[in-house]
Amino acid sequence: MNQQQALFEYLLRLGDSDLILAQRLCELVGHAPALEEEMAIGNVALDLLGQARSWLKYAGEVEGAGRDADALAFLRNEREYRNLLIVEQSNGNFADTLARQYLFDAWHYYLLQALSASADERIAAIAAKGLKEVTYHLRRSSAWVRRLGDGTDESHAKMQVAIDEIWTYSGEMLVADEADKLLQAAGIGADLEQVKQQWQAHVAATLAEATLEQPAEDSYMQTGGKQGYHTEQLGFLLAEMQYLPRAYPGASW
Amino acid sequence: MNQQQALFEYLLRLGDSDLILAQRLCELVGHAPALEEEMAIGNVALDLLGQARSWLKYAGEVEGAGRDADALAFLRNEREYRNLLIVEQSNGNFADTLARQYLFDAWHYYLLQALSASADERIAAIAAKGLKEVTYHLRRSSAWVRRLGDGTDESHAKMQVAIDEIWTYSGEMLVADEADKLLQAAGIGADLEQVKQQWQAHVAATLAEATLEQPAEDSYMQTGGKQGYHTEQLGFLLAEMQYLPRAYPGASW
Amino acid sequence: MSPEERAFQEKIDADIKIEPKNWMPDAYRRTLIRQMSQHAHSEIVGMLPEKNWLTRAPNFKRKLQLLAKIQDEAGHGLYLYSAMETLGADRDEEVAKLHSGEVKYSSIFNYPTLSWADMGTVGWLVDGAAIVNQVVLQRTSYGPYSRAMIRICKEESFHQRQGYQILLHMMREGTEEQKAMVQESINRFWWPSLMMFGPHDGDSPNSAQSMQWKIKRMSNDDLRQRFIDQTVPQLELLGCTAPDPDLKWNPERGHYDFGEIDWSEFYAVLKGNGPCNRDRLRTRRNAIENGAWVREAARKHAEKHNKADAA
Amino acid sequence: MSPEERAFQEKIDADIKIEPKNWMPDAYRRTLIRQMSQHAHSEIVGMLPEKNWLTRAPNFKRKLQLLAKIQDEAGHGLYLYSAMETLGADRDEEVAKLHSGEVKYSSIFNYPTLSWADMGTVGWLVDGAAIVNQVVLQRTSYGPYSRAMIRICKEESFHQRQGYQILLHMMREGTEEQKAMVQESINRFWWPSLMMFGPHDGDSPNSAQSMQWKIKRMSNDDLRQRFIDQTVPQLELLGCTAPDPDLKWNPERGHYDFGEIDWSEFYAVLKGNGPCNRDRLRTRRNAIENGAWVREAARKHAEKHNKADAA
């Protein structure tokens, strides 16, 4: 793998994770527990969609094969998608949605913080802009984890189950593979070891405040998303998301 | 509308209704309340799929534009689909699934009985073969309506809600439009007025045995499926069902 | 007429806005609450037919636009509920009335969105009809409502142009299939959009009082005519047609003539028998009911922590 | 050894089938119940990875085939539970053990199906491996199990050929994308299929007793070798490769040599840490739990009407 290939992979991972999580949030529009949450969910989805477009546009340029952000988003199949497994998991109830969001946001925040100092100016710029948005995402989702964890007995129980269920998908974002290492060495990618420590500290503090138990440290972690091996959920999501471009090949909208 | 066009429409309606209901039943595989029901649901879906293929194959021949059953099933869009609205409604709980199935089966049974005497030999043959299968479908679904209606308080309540909710979609199959009338006049299509009387008698008897209340006779009835105006549910179903042929145009599987 | 009532009507006649702390007749207050809550509910329910295509938008640009538009509608709902609350009404109570069917939302949202072109048509025709109403309401007599309308109108005009652009793009750059999709969408939404202005003036019994109070500022039929007059040239620019053989320019009137609306459909949908009435209400009701434990947890958490902070 | 035990073992040694009413050692009964229930559960859970593509099958022929195959598996589950019940076990109790995690199903079904090609690969490799096991089990010592196996084997062979045909068609008539899809699918399922035969003979402690009782008739390693030997030529005919650089014909042994299995993965998946363990069990548990009211209603209805008939 050369640096350009690694960069392409890296940008796909960033863009795809944003896009797929935004798509899951889009599914929730009209179903939030209060109008204010309707706004919040939509805002987070908008931010993620915007970031996804920036990453994928850059990915297309790095690839140099003439694919723009739309071609990458709407015409790749499941195996070519590089999003983290955590973002493709279904919405479940509000606690499930928030558990997924929080564990992702905490990682996303520290990652973009690190990438803001990337030697690749384009990455640094996209990350710095995204970081402002994600600062709000993280504030919101961690507040909800605390609120539901330390709310009623029912909300506490639901939040604990939600954390326990999603936990197995929280490992792969913290582990560097070849592409991660290559780009870190080049000063372009983030130091995932550092992000991991920051993430762990944030999560430990939030769960403690939320009076929730943290799953065992040696819990089994699912991996594969970054390499294109997904759960069975992604195919259905893509079938819906890509329907129009697939059904009307070549059409402009 | 000439007779050939009417026949094409008529065959699409038959085939599409079978296909879409089969697709809904396919979604349930692995989720039935008992292994014996797993078998039953799968068998009904298999029968309907087989019938759909026969109708659509014939439809393609009547159209004469080189489309086979697969092209009609997997490459038409929502507006071109001619299934009844009732079959595209989501599965809901087991009572919802059975209410939909029963109201459809009762119509399907009398319709195929009438079509077994069609002046069009091909239609008569497909209908006669299908009728044997649908005889079993109707026996099963009406038994379940009785069982759930006259079972526990919970099952009674669920079955009543299910009937009330699906009822608005039970009208259009009993009303003849231009294509229906043209083909009935030619001795090819069924007399829907007669089917309606038979259907009403069967439904009234079954609901009475099931200790269920029949919705008011002047209930508002949704229409449009036969003319290609569907509910918002169909688009999602088609996006999933047609994904592979859409994503890999021209591929042979 | 009491002195208070006389003073109230004089202010209205002089185009001075009524503000929350001013005296107002009960019927004025009730009529406004009803109208504003219906308007707010319409914004919220109106998110659903668009959400139906949000997960299937064909590219980034359209997906971002559509989501932003839906967000704006949620925002409009929030403004309008707030403005309504200045009259002493309670948002949750009004939402409960929506869910029980006691209060309505705009019937247009009981029609399904069946193709991507509907995302253009809804913006162009539905928001277009709404704007014709709302432009006039910017001059409505109740201050908070009037100010909400000014803000909303700006965003709605943007939505309308965006919707029109979706259709124009499909008509100019699109395939034959896409062009057919546009025409088919217009065929479905044309008449329901005209119905958005309500029944004929003669069949609209409460209008006179509302006109006097300047809650309403133009009659249903006048608004409808204004909408048609501004819309037909846009329709022609698209290269599409309306499903109305009687639609044609009348040089004597200086207006377009148009065919008679199918009022039986209008009243059927109003009564609950549109294609989506049950779905829309069920979706809203489920959202609020399924969220009860969440709102309860938030309340409980705030209670605990306010106590903790106070201690 | 008691006289009963001796007589029992003599029958087995003479290849006389044990029938439900015959005396048998408790451990023989328990081992069989465990093995047959695991086998039955595997048929039922095994429906799920195939169901995952049922709603997305690409044409009528494949959709009908796939549904018929899934139906056959439900049928196999039913035979096997019935055969198991001849030993005094109860289906519901055994299913409860599955749901609590006390009894396992074949680990292969904890791998996801990620492309349509998996519908071919599962038929060819997974059913293929199952058949190698089952062919031998046709001669198992317990009569009802042996007879169930004979029936099941016939259908499984049909499924295997069908699966192979799916892949062959894609390799011969398919686009480059489809061919890549086939190879990618084989890459994922190759090693898990080899793991289906269980650990090395040395690590399979209960095998000796099962062999003596002829519940088991060949060792894990021998079965695995047989599977590989018959599969590699089929792989070559496809024009595909296995993800195993050590796979090659050994003319001295008259068998294919192959690389070492990653036993850590085998034990991880067995422990519950495969990609789909939780999903599969949750799906089954929900199906049965959500159906409780249905089964209860059916019981109640039967009760009422049996009473009515008797009266």
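Structure notes:
Lettered A, B, C and D in written order, each chain numbered from 1.
By our rule, contacts are C-beta pairs under 8 Å (C-beta built on N, C-alpha and C of every residue); 3 or more make two chains touch, one makes a residue touch a chain.
Which protein is which chain? UniProt says A, B = 1,2-phenylacetyl-CoA epoxidase subunit PaaC.
As the structure is a prediction and not an experimental result, all values here were calculated from the model.
Of all chains in the assembly, those touching chain A and also chain D are B. Across the assembly, the mean Cα position most removed from that of chain A is the one of B. Inter-chain centre distance (chain B to chain C, centres taken as mean C-alpha positions): 37 Å. Here the CA centre of chain A is 42 Å from the CA centre of chain B.
Averaging C-alpha coordinates per chain places the centre of chain C 58 Å away from that of chain D. Looking at chain D, residues 56 sit in touch with two or more other chains. Across the assembly, chain A contributes residues 235, 239-240, 243 that each touch 2 or more other chains. If each chain is drawn as a node and touching chains are joined, the picture fits none of the line, ring, star or complete shapes. Under the touch rule stated earlier, the contacting chain pairs are A-B, A-C, A-D, B-C, B-D. Per the touch definition, chain A reaches chain D in the complex via residues 78-79, 165, 168, 220, 222, 224, 229-232, 235, 239. Residue ranges on chain D touching chain A, taken from their complex, read 49, 52, 56, 112-115, 184, 188, 268, 272-273, 275-276, 278-279. Listing the residues of chain D that touch chain B in their complex gives 44, 47-48, 51, 54-60, 62-64, 67-68, 70-71, 74-75, 77-78, 81, 116, 166, 169-170, 173-175, 177-178, 283-284, 286-288, 290-298, 300-301, 304. Against chain B, in their complex, chain A makes its touches with residues 77, 235-236, 238-240, 242-243, 246-247, 249.
The touching residues of chain A, counted against chain C in their complex, run 23, 26-27, 29-39, 42-43, 45-46, 49-50, 52-53, 69-70, 73-74, 93-94, 146-148, 150-152, 154-155, 158, 240-241, 243-245, 248, 250-253.
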